[in-house]
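Got some structures for you, see below.
Note that subunit A is present in both complexes that follow, paired respectively with subunit B and with subunit C.
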Partner chain A sequence: MTKLVALILLLLLLNACTKPVQKPIWQNPQSIISFPDVQLQFKSTTNNWSASLVSFIQPIQLSIEYTSDGFILINDNKNGVIEGPAQICLTSGDQYFYYRVNLINKEGSAVTHKDYRSPKTVNPDSSLHQQRIVHAINQYRNLVYPEKKLQYFFEEDMLLSPKAGNYRAISSESLSGYYVQPGSCVNVPVKALYNTAKEMLEVTAGPLKDKFDNQVADGTAVAFMYSHNQATYRMEAALLKGYATVFIPAKRGSTFSLKAKVNETTSATIQLSP
Partner chain B sequence: MLGSNAFNILTLDRFGFWASIIAIPFMAKFIYSFLAGPVRNFWTRKFSTSAHFILSAVSGFVYLLFIVFIFHLGSFRPLQPKEIDIQPMLNFLNRDEHMRWRYLTLGFGDQMAWLSANSLAATVDGNYHSARRLPELTTRPVERLENAKFSGPEGLASLNDFLTYSEKYSLKYVFSNDRYYDPLLYYSGWSRTIRLENGIMVWEKGNISTIKPVVPKEVNPLLKKAWGIFPVGSLCLAFLLTIFYLRRYKTKDYFETVPVTNHHYPAVVIYSSSLLPLVFFSGFLLIQLYELLLVKEQEDHKTTVLNYYNHLDFQRFENAFHFFKPTPTYTLDQYLLEKSVNDGGLLPSYAKLDSIDVHEINHSPDSALLSVYTRWRTSLGEREKTDSMQLVKLDKNWFIVPPAFAPEIPEEQVRTYTYTLFKKQGKRVISSFPTVKDDKVKKPFVTFKQANLIRNGKRNFIAGEVLNADDVPVNIALKVSVRYQNDTDKNYYPATAFQYNLSPKSSSFFQVDLDSTQLMDSLKIKSIELFAETDVSEKGYIHGGAPGYSVQKAANNEVLINASMYNELTTEINIPGLLIAEKDSAGSILQTRLMLHPTALRSGLHNNFQFRFKEIAGTALIIKQNPLTVFVNGQLRNILPTQPDKTAAANNGIIVLPHCFISQEIYLQ
Partner chain C sequence: MLRIIFISVIVLAAGLLFLQGRLLERSNDKPVFLTTDKIADAHHTKIDVSVQSVYKPDSIQVETLKKDYSNLWAHLNHLFATNEVEKGKEYYTEPWFRQLCSHYKNVIELTGIVRKDVSHQLVIQNWSSDGLVCTAIDSSVVFKYTYPNKSSSSTKAKIAVVMLYQGDHWRIDAIKIIEELPAN
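So, the complex of A and B:
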């Protein structure tokens, strides 16, 4: 009985062993494979292969056509790939064979330029310096050289023009916009007119400009502070296209002492006698 | 005497619920005795079976009427707001990652629980008191924050804490169904964002951090098992013991039709207990009927005034109008017109009458002049008002003489005003990915013009001024962090004395109250840091109104501020207000306070009012030995040098900024 069990175990063990497969011979070896036209010939005596191209990012399944003395690997995917080192992986049962290659795309594709700006918004009150980082990628997410520079990435510090406005780092992309704001006003001119029919003083501050002659930003609060009959009054208006106007009810014969203030910049005090 | 704290916390309804359960056996005993026991025997023996029958029938009928009345109580006096469709709120919480912050409902009644049950978003409030975890909610007798106005000053204090310290709770959104809370929300730095399809206004606070992940508390494994076993186990045990008790001792009683009882009650107990239901229920209904139909609301001059204010408080304007002396020239139309142009503001629109006291100034048989003192509860605290009223007696009824109406008439027939509105584009790249670098909006610049640590007796606070140095409107979140010698930190936030939203190049005074002198001195301050977080804002930066003021010295370090407000806008200013700062001779801000006027101001009109303001220049100290460092958006900044203020110096150190609430939603202020 013991012998019978040992015999059965031996038979099972022998049956469990598989016949080793010879490593296929690559008949048209190439260190660089250009996508998508891939045709790789291998010589082999067996015909139960599966194949894939394993790059660092993903495996790409290859189809197999068997010939009389081996097989040909064909790429059915007509798109490009992310370029770089890869391995052809041939599998037969539980045996794997690897061949090192480099992947490139045969044809170029549309290139997208990236131009990051920091800070995206600058204010001449503080600084006009801006940092720029540029790179470009093609359709298949490969880094390519940006125009006129033999570097995949380059950065530079820039001094922007003080002219306020919305600019684009890449002319076709609104998302790449960067902004030069107007700074604080350097002078607050004030003038007043008396509207007899309405019995109102029409007081206007403006044009308000910064030190680079930019019009001060719309919406800037202008405080008109005036004294009348020993009381102090404050009226605010938002700047629009460089001007802010308030209408102060004023009877004829009354006197006002008025000044306009934007942040810490104050106009000259004017005396008004409607 | 016992359990008053628990009563306050658990509130009346839960006490009522458990009390009614406890009362069931006693009531059952009483009813049984009355219908078939010794009480019935007493009545039939003493009077007759018919007398007992009539008493039972009348008591039962009155009780039935009482039940019908209670069931319909909601129709007479609504206890809950109208039904709210929760779907728009669910949609709001689901979009743009709004669920990453907590929300709060106001004026929802029991429907707040339904919203909470249908959303995964977290709320700071809770329907069941004992299940809430925030100590601020479990230590105060506040049933729910959403109905804080019904919880008196403590309820509003709790709500105020949450709205002010919202950063601590990651509370960013408030769904408001009650405009009563609008002034508190606005002056605590909340901005209206959107009115949903169901009419609910969504308020939002800027610069609030998202909910921080909480590390689960480690519980002893034995305790975990105990919580799983003991509650269910004790329920099962009670069930089994009850069955055992019934089977062992009560089987015999169960099959007896009438349990034998030989209890004896004194006659006084029998009379009182038998007649009590009839007297109580019928008395209650009679009082209700009397109040509804037979009360003479104008029988004397004081009753007339009290009832007039009662109608006004519940906005029953037609009923209120009938208290005025009938004349051909003063019609209901005229009354409503005058009311629409005279009324509005903090007291008429955002307050509930708390108490009223009427004093006679003159009184004759046919006329009376009364002084009416009223105290109003608003979300910003209690306000008092004194009016005088002339009354006359006509046909045994007292009537109010309509007050003289002399409104200011605006100069122009059509007003114009130029608003500069801003629109934040939001996400330009339509992607649910949260960080599209190119689409991020920069944090606006703000600068501290000054920040002073002030000690005035027992009080300590940081007072100062912050400037929006940018070209866009900004929302600013201020936080003072005090580090003590024992390395503990405590954070403080500004309450209502600050303009949280500023238009470009405008500035605001602020005051952040700290702890008492005794506490701060005992802990010993190590350092004080003032943080400002900013964000581009498109709301809340129009503070409206053109104030004017002059200042008079008064006694006891007080000054009298004679203020005026001119509404130059095209919309009504609902709550005219001033943010007042006191400066010393060097221009340093010593304190900041918000002063509000109780009535609204229509477009193109003026308003004059007076405030008494207690100055502290003689008593307050600017403490300089504790280093005060300021950070703007996490970066260390310098405080600008303080400059003397000529305007303040000319007005006894007082300087003002307009800080008004405008309820017009078109500007979403």
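So, the complex of A and C:
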């Protein structure tokens, strides 16, 4: 029993005599580390290290190559990082050592200009104003200064061209698309032709255009209202490429009074006598 | 003989169906609305929001932003300590998440540093009229770092951040740590 206690005490004593791990000496210290070319030399007599580069956002594991008098930390990952303050963390057992650095990407990475538009759909009947928020991001999600502007963010109010169509704020990005709709029509021209064989009046409204000369949107409902023999009738047709057509049964010699209406815009009343 | 063939066919068909069932990929991910975000729930910070944008968000939008920004920092701090990229993916845009994953090998538990965001002064610079884009400068973030030897240090940082409203959350899309200095 006495021997066992003595043995335990001896083991405890030996454990207490273990030398604490010395802080490795950084032999090529640098305040700025250019990622991904990381090669950091440390002098140390211990050889059971693990290392990581703790960036502002996430820790990045580093590889270790041991040399005769220490070790070299190497980065295997060739992708860039989110730049900013960072710390090199060396761990051996329960010992931690930190070295403060600043992390940048070595080479200028591809910069993407972001151009957010709001609203995405504009109608000239209401407003052609559009909000534009601009900033630039490199491929590793670091905000960078847009060209010639010493601020990260820029905003302006834009007055869009009234020409209807699909546009892109950034030509290569379909997600930056926006749409200028055609407005309401300002004039409803109507004409009619009589088909003798079918005894039908072919009545066409169009071309329907808005105040900026845009063709009114396909699918817009056009109502044709006509009177014949003291009765009133109504027919509707959808607009296609600026025109809407209806066919009205009509005997030769009869008379019609007709007008077309698109929302609040009404044509002149025309008299038809097949 | 016919009985044996018949039973063999049934056994073969059953075996095939069983194997097909095993090959089907099953996701263990629950929908977001059924999950509890323990990291975000355990996180507390102070966020003051001021608005300098041309288009102003309403009070409800500001509250939503504050809540999501707090949750985002809960996950950024967790990521900083562990490199566990998946935990906060609800608060990252896809390109941001891809960038994080490009530096992911495994969860790291050896950095020993714990970061806590004590307070924020979030100044909204731009707010899109459709409420989907927000750019901001976090002009005075106070961080507290705690090291394994129980020592701690505080810093004050200035950070530019871009957030996009996608799905149910504001998500971080880009960042710039303008400066981080020791706090008095």
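The criterion applied here is as follows: the second predicted complex is superposed on the first by the 251 of 274 C-alpha atoms of A that agree within 3 Å, B and C clash if a C-alpha of one lies under 4 Å from a C-alpha of the other, contacts with A are read in each partner's own complex, and residues count from 1 in each chain.
Quick note on the criterion: contacts are C-beta pairs under 8 Å (C-beta built on N, C-alpha and C of every residue); 3 or more make two chains touch, one makes a residue touch a chain.
These numbers come from a predicted model, not from an experiment.
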item	value
Contacts of A:Lys120 with subunit B and subunit C, given as first, second, both or neither	both
Partner chain(s) touched by A:Val54 [first = subunit B, second = subunit C, both, neither]	second
First, second, both or neither for A:Cys89, with subunit B first and subunit C second	second
First (subunit B), second (subunit C), both or neither touched by A:Glu107	neither
Subunit B versus subunit C as contact partner of A:Ala217, first or second or both or neither	first
Set intersection of subunit A contacts, subunit C complex versus subunit B complex	116, 119-120
Residue ranges of subunit C touching subunit A (in the complex, touch as defined)	53-55, 76, 79-83, 85, 95-96, 99-100, 102-106, 108, 110-113, 125-126, 128-130, 132-133, 135, 137, 147-149, 160, 162, 173-177, 180
Partner subunit C, residues of subunit A touching it in the complex	50, 52, 54, 56-61, 77, 79, 81-85, 87, 89, 91, 94, 96, 98, 114, 116, 118-120, 131, 133, 135, 137, 140-144, 152-153, 155, 157
Contact set on subunit A toward subunit B in their complex	116, 119-121, 123, 125-126, 174-176, 181-182, 184, 198-200, 217-221, 223, 225, 228, 230-240, 245-247, 249, 262-263
Residue ranges of subunit B in contact with subunit A within the complex	411-412, 418-420, 422, 428-429, 437-439, 442, 445, 467, 469-473, 502-507, 546-550, 562, 564, 566, 568, 647, 650-651, 656-658
